[in-house]
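Working notes for the structure below.
The chains carry the letters A, B, C, D, E and F, assigned in the order they are written, with residues numbered from 1 in each.
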Amino acid sequence: MLMALSTWQEIEAYLSRSTGIIVPIGSFEQHGPNGLVGTDALCPEIIANAGAADRDDILIAPTFSVGCAQHHLAFPGTITLRPSTMIAAMTDWVASLRRHGFRRIYFLNGHGGNIATIQAAFSEIYADDSFSTDGPGNEAVKMTLRNWWDLSGIEKLCLEMYPKGHGSHATPSEVSVTYFAYPEAVKSASMEPEIAPSGPIRDAHDYRRRFPDGRIGSNPAQSSAQDGEKIVTAAAKALLDDYESFLSAT
Amino acid sequence: MLMALSTWQEIEAYLSRSTGIIVPIGSFEQHGPNGLVGTDALCPEIIANAGAADRDDILIAPTFSVGCAQHHLAFPGTITLRPSTMIAAMTDWVASLRRHGFRRIYFLNGHGGNIATIQAAFSEIYADDSFSTDGPGNEAVKMTLRNWWDLSGIEKLCLEMYPKGHGSHATPSEVSVTYFAYPEAVKSASMEPEIAPSGPIRDAHDYRRRFPDGRIGSNPAQSSAQDGEKIVTAAAKALLDDYESFLSAT
Amino acid sequence: MLMALSTWQEIEAYLSRSTGIIVPIGSFEQHGPNGLVGTDALCPEIIANAGAADRDDILIAPTFSVGCAQHHLAFPGTITLRPSTMIAAMTDWVASLRRHGFRRIYFLNGHGGNIATIQAAFSEIYADDSFSTDGPGNEAVKMTLRNWWDLSGIEKLCLEMYPKGHGSHATPSEVSVTYFAYPEAVKSASMEPEIAPSGPIRDAHDYRRRFPDGRIGSNPAQSSAQDGEKIVTAAAKALLDDYESFLSAT
Amino acid sequence: MLMALSTWQEIEAYLSRSTGIIVPIGSFEQHGPNGLVGTDALCPEIIANAGAADRDDILIAPTFSVGCAQHHLAFPGTITLRPSTMIAAMTDWVASLRRHGFRRIYFLNGHGGNIATIQAAFSEIYADDSFSTDGPGNEAVKMTLRNWWDLSGIEKLCLEMYPKGHGSHATPSEVSVTYFAYPEAVKSASMEPEIAPSGPIRDAHDYRRRFPDGRIGSNPAQSSAQDGEKIVTAAAKALLDDYESFLSAT
Amino acid sequence: MLMALSTWQEIEAYLSRSTGIIVPIGSFEQHGPNGLVGTDALCPEIIANAGAADRDDILIAPTFSVGCAQHHLAFPGTITLRPSTMIAAMTDWVASLRRHGFRRIYFLNGHGGNIATIQAAFSEIYADDSFSTDGPGNEAVKMTLRNWWDLSGIEKLCLEMYPKGHGSHATPSEVSVTYFAYPEAVKSASMEPEIAPSGPIRDAHDYRRRFPDGRIGSNPAQSSAQDGEKIVTAAAKALLDDYESFLSAT
Amino acid sequence: MLMALSTWQEIEAYLSRSTGIIVPIGSFEQHGPNGLVGTDALCPEIIANAGAADRDDILIAPTFSVGCAQHHLAFPGTITLRPSTMIAAMTDWVASLRRHGFRRIYFLNGHGGNIATIQAAFSEIYADDSFSTDGPGNEAVKMTLRNWWDLSGIEKLCLEMYPKGHGSHATPSEVSVTYFAYPEAVKSASMEPEIAPSGPIRDAHDYRRRFPDGRIGSNPAQSSAQDGEKIVTAAAKALLDDYESFLSAT
C-alpha cells in the first residue's frame, strides 16, 4: 500500500490495523559510467514496492530521495544534503508520522553514505524523549535502519552473481536492480579499468582524483535486467520477513 | 530527460547544451475524501514528465516531494518540513546544482503552502551572493517559481471544466491530474457537503475543525482521468513555453 | 496605545480588555534618489500610530524594523536579516506576546520583500502546535499579515493620485507617507529616466545592474507631504476596520 | 544624521567622509510601576539623537530595539529574543553594514541584560575572520559596546541625583530620560516598598517572585523630565567624546 | 606530546615536523555497577597517552570528552550532546586545527554511540570543500576514526581474556583499562544477573527498562587493573602503528 | 568527588545528599611563551579538585575544556567553539544534569573570553522556562558563574605576589597554578618586552599584530610552582565557601 496513492481516510483505516511503516531512503549521486544518478533512491523504492505495494497491511512512505552524498559532488547530477540538514528533515518526517500514530518506522536504505547520518538522526530524535523525565509514554516510537543489501541472503546472492568486481559503489547488483525496473534506462559503457580502484572516501575533489569515473571497486558492465529481477525478488521477500520481525519485536 | 535515469556523463554532456533545469516541488498531505496524499508532489512531476521526459534539451530533477504542510497534520498521511528545514534543504539542493554548472533553476510547484517558503529560500540563497562585495560573478544563478495552475491558460481551463466547486484545496483539477497518471488509484467517495467550506488557514487543529474532511471550497467528486489528460496536455505545453521564456530572459 | 510608552500594568490592564495587538513590520533599505532608507518601517508605523495611538482598546507593538532586503544590499544603508534569522526573531516575538496572553496578532507590513518570510514564519510558529497531538488549547494564537497598500481603498487611491509611475519600489505613495510624517526629511532629486525600469528581483548585484538608482517602475518625484496626509488618513481608517474584522472573525 | 531619514546617496556620500556608525541597542521589557516598556530602547536612541542627529559626520543606525529580556517575561509587554537569535540578527546587521564599507561600529546599549549576548555576538562575528588563514584584510571591522550609563561622568551624575534608590533596574535615571523625551508618557505610581529589593536574576518565574513589581533596588518615583534633560545633555556630550575616541583609536 | 601541556611555540615547532594529531574522543555515561562514568573518555585518553605522551613527533589534543549518549540519560551521571550539537562542536574543533596547519586528524574513539555522529561530522566538514568548485587546495584535511577496540589485535586479546561476558557496554575490558590508570577508583559490585541482557538501543526510558543496571551483555566483575595494563600496553603499540599508517597513506 | 571516577549508583546516592555540582569550564588557547595551551581549562580543574575531590558532599563534573577563544586563533594550539556552538553545548550539558535532578550548577571558570557566552547560555537555558506560562516548577535550576580569580581574596593575593606585570592574559598567577599541578611542564622563556602591551581584543589577526607573543600586560617569567601552590590552596578554600553560599542561597 503506497502512501502516495492513498487517501487520508485509507491511511486512518490502515492505522487501526498497523502502526508500522516502511520509508525507502536513498541518494541522488553519480553511479559510474552506466549507473543511474537515481540508483540509491530507486533501489529501496523498487524493492519496497515489489514486496509490499499490494499488501494492505504494509504502508510504504514516499521515498526520502536525496541524502548525504557530498563526496560525489565533483560529478554532475549529484545532489546532497549536509548531514545537519538531513537530521533536521528526518526529524520533521518522523514527527509527522508520529503525530498520526505511527510507532514503528522502518527505513529501507539504499546508500552507504546515509548510514551514519540516519543513525545520528535517530539519536537526535530519541534525545527529545530521553531528556524528558516523564518519557514518551505511549507515544514512544521505534526506528530501525536496514540497508537493502543487508537483507537476509542478498549479499550472498550478489557475490555469487558477481564474484569479481562487485565492489562497493556503482555495483553491478544495484545497477541491475534499476535496469530491471527501468529497462528503458539501460546504458552501455566501457569500463576502464575493468575493475575500479578502491580507497578511502573524503571530500569530492579527493574522490574524483582517486576514482576518475566514479566507481569504487566494481565492474558494473556485468549488470543486467535479468539479474536485477533475481535480486529484487529475493530482496522483496527478505524485506517482508525482516519488517515482520521488526513489528513483532519487543 | 530525467536526472534519475541518467548517468553523470549524460548530465555532463547536457550541461554543455544547457544550464537550465526543472525541479518539480510538492507536498505530501491529505487531499480530501478522494484525493491522493501524494497529489501535490505528483502533479508537477506528471506535468514536467509529460512535457520534457523525451526532450534531451530539458533536464528534470528529482521531485522535492515533501514540503510545508503543517496545517494538514491533523489528517493521517501528511508529512511536513518546518519552513526553516525546507529552506536548509533547498539551499543544499541549489548549492549542489550550482556546483555542477546549473545556472537557471525552474521550480514547478504543486502546493500553495510551499510558495512563501520557496520564495524565502530564494532570498536565503541569494543573500550569500548579496552580502559579498565581489558578487557571484559567472556563478550567478537565476531561480524562478511557477505553480502549475498558473501556467498560461490552465486556470481558465480548470474553471471552465469545473465552474462550480473548483475551490482551493483538493480541487477537482489536481485530483484529475493524478487520476490520469495513476488510473489504478482512482477513488470514489461521497462529498458532504457537496462543496466544502472556505476560510483562513492556521494551525492543524484549527484546520480540521474548519474543514472536517480536508477539502477547502472544492467538490472533487467531479474529478476524472479524462479531465486530467486534458489538463496535463495543456499544462505540459504551457510549461515548455514558460520554461523557454525563463531560459532566454536576461 | 503604544506599547513602548506604556507600563506593564497598563498592558496587563489592556489584556483584560483585548487580546489583540498590531505589529508594524518593515525594512531598512534604499528607496531610490529621494526616498528614505527607513521608508518601509516608517510607513506601517505612521499608519498604525495615526489610527490607534490614542485608542486605549488597540495596542501597537514596537516596529519590527529590519526585515528581508538582501536584494538591496548593493545600495548603502540597506540592512537585512536572512529569512532564517527573521523566522527565528518573529518566532521569539510571537512566543513573548503569547506568553502574556495575546491571542490575535496583526502584522501591518510595509515591505513586499517581507511577505514570503512572514508567511513562512507563521507556518514555523503554527507547526509547533500542529505537531502536538493535544494542540494549543486556549493558548491558540491567530496571526494575520496585511500590507498597508492592500488595506481597503488604498491601492485605488494611490493609483488615482499617481496614474503614471506608481511602480513597485520607491513608489510616490510610500515616499509621500514618510514626507507627511517627517517633513524635515523631504528630499528633492532628479529622476533619470523619469519612470524607472521594471524586471525580476534576484541577488543584489543583479538588482543594481537592472535598477541603477534603486527604483522599480516608479517616479517618486511626484511625492509630497500633502499626498502623504491623504494616504495616511485613508489608510489609518481602513486599518481600524480591517483590524476590527480580524478581532471579530472566528 | 539619521539613517532612517537619509537616502542611499546621502549614506554613500557619508561613507566617503566616515566609516563609523552608532547603533542604539536596547530591549522591550517591564520597567516597574512607572517606567515605560520601551525604556531600554528609547534611552540610547534619545541620547544618540541628542548628540548626533544634526551632525553630518555621524550616522545613527536604526535602533536594535528588542534584545535579551527572558527574565522579564512574567510581566506583560516584555518581548525577548533568545540569545542565539540575537547573535544571528546582530551577525546579519553587521554583515549588512560591512557590505557598504562601514568599518567602525559603535553599539550604544541601554540594557544590562544585553551585554553578554552583544559580546558573544562580537566573538561570533570576529570568529569568521579568525578562522580564515588570510584574514579580513581591508574589510576588517572594529566593534565596540558602550552602555550609556558607563559614558564618562554619567554614573556619578546619576548617583548624585539619586543617592538613595538608584538601584539597577527601573532606575530613576533611565525613567527620567524617557520622561524628558516623551513628556506625554509621564506616569505616576506609588512604590511599595519605596526601594525595591535586590537579588540574583534567573528565569522569569523566579524573577517575579523576587521582584513583585519588577523593580530591582530602585525608587523610580524620583524620576522627572527635568532630571532626564540633565542626564541626556551630559550623556550626549560624553557620547561624542567616546565615539570620537573609538574612531581615532588604532 | 600533550597539547594541554605545551606552549604555542612548541606546537608551532611541532607543525614543522608533522601536520598530524591524535584527538581522543569519548563520552560521559553510566557504565554499570562497577564502571566509571568517565570510562569512554578515559580509555582513549589513557591509550593515547601511553603510546605517545613522550613522543615529540606525535601530538595529542585535548579529549573531546562528552559525546552522544542520549540512551543512557535515565542513569545519573550521563551527559550528552545532541548529534547536531556534536557536529557543530567537531566542526569548530577541526576548523581550529586546520587553521594552524594540521592536515591529518586521527580521532581515537572510546564510545560506540559516537561512531555515527563522528562520521556525519566528517561529512559535514568535507561538504564545505566539496560544494566549492575550486576545492580546498593545500588546505585539504584528512580525518579518520578509529575505535580503540578495533586497533589491531585488541578485540582478539579482550575476547581471550573474557571469553564469557565481554558484551558490548560496560565491558570488562574498558573497565579494566580505567582501573589500571585510576587504581584509586576500583569499585566492587555484585552483578545480577552475572551476564547482562542484550537488545536494541533506543531512547533512555526504553534502555533502562531493558538494561536495569546499565550493562549490555557484559560481566564487568571480571575487570582488574592487571588486565587493564595488558590491554593498554597492546593498544598503545597498535595505535602507533595505525597512526603511522594514517600519516603515510595517500 | 569526581564524576569521571564515580559509578552511576554513586551519583544516584550523591543526589540524595545534594543537588549541587561544580563544573570547571575553560579554554584551550595560547598562553604566551611559557604558559601552557591548556592553562584556562587546567586552572579551574586543579582548584576544584584541590577543594573537593575528597569531599563526598561535592561533585565535580568533567571539565568543559574548550570554550570561546577565537581571538587566539592566530597562535597554534588554540581551539575554539563559536559562541553559538558553546551555547548549544552548554544547553545540552545542563539539560543532562537537570534530567538527573541537579538543581544548582556552579560553573568555575578559567577564561575571561568565556564570560559573555556563559552568561548568554544561562539566558538561553532560562528562556525555555520563562516562555512557559506554567514555569519549571520543581525542575527549576539555578546556575552561577564564578571566575577562579574572583574568588574571595584571590585577586588581592595575586597582585601582592606580582605587583608588576600581572596583566590580563598569560598571567603569572595562572601559569603558576599549572606549574604547581604539572611540574613536569614548567617552561622557561625570555619575555621581550618584559611586560607585554595592553589593548582591545578583536579578531585573531588584529590580536597577533597587537600582542606578538600572545601575552597581554603580563610578565609570566615570574611564575613558579611554589607560587602556584599558594594560590591553589587559597582558591580551593575560597571555592568551598563560595559554593556553600551558592547552595544555601534562596
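Operating definition for what follows: contacts are C-beta pairs under 8 Å (C-beta built on N, C-alpha and C of every residue); 3 or more make two chains touch, one makes a residue touch a chain.
Predicted model, so just to flag it, every value in this text is computed and none were measured.
Under the contact definition, chain A and chain D share the contacting chains B, C, E, F. Note on connectivity: the fewest steps through touching chains from chain C to chain F is 1. Distance between Cα centroids is largest for the pairing of chain A with D. Two copies of one sequence, chain E and chain F, touch each other mainly through matching residues, since over half of the numbers at the interface are common to both.
Matching CA atoms, the turn from chain B to chain D amounts to 120°, rounded to the nearest 5. Annotation: 54 Å between the Cα-based centres of chain C and chain E. A straight line joining the Cα centres of chain A and chain F is 46 Å long. In terms of their C-alpha centroids, the spacing between chain D and chain F amounts to 29 Å. With touch defined as above, residues shared between interfaces to two or more other chains in chain C number as follows: 73, 80, 82, 84, 88, 96, 99, 130-131.
Judged by the touch criterion defined above, the protein chains form a pattern that is neither an open path, a ring nor a star, and not fully connected either.
Counting only pairs that meet the touch rule, the chains in contact are A-B, A-C, A-E, A-F, B-C, B-D, B-E, C-D, C-F, D-E, D-F, E-F. Chain D meets chain F in the complex at residues 68, 70-71, 73-74, 80, 82-84, 87-88, 113, 115-121, 123-124, 126-127, 129-131, 135-136, 140, 142-144, 200, 202-206, 249.
For chain E in complex with chain D, the residues that touch the partner chain are 95-96, 99, 139. Within the complex formed with chain A, the chain B residues making contact are 2-9, 11-12, 14-15, 28, 30-38, 41-42, 61-63, 65-66, 73, 75-82, 84-85, 88-89, 91-93, 96-97, 99-101, 182, 184-185, 187, 189, 214. Of all the residues in chain C, the ones that touch chain A in their complex are 130-131, 133.
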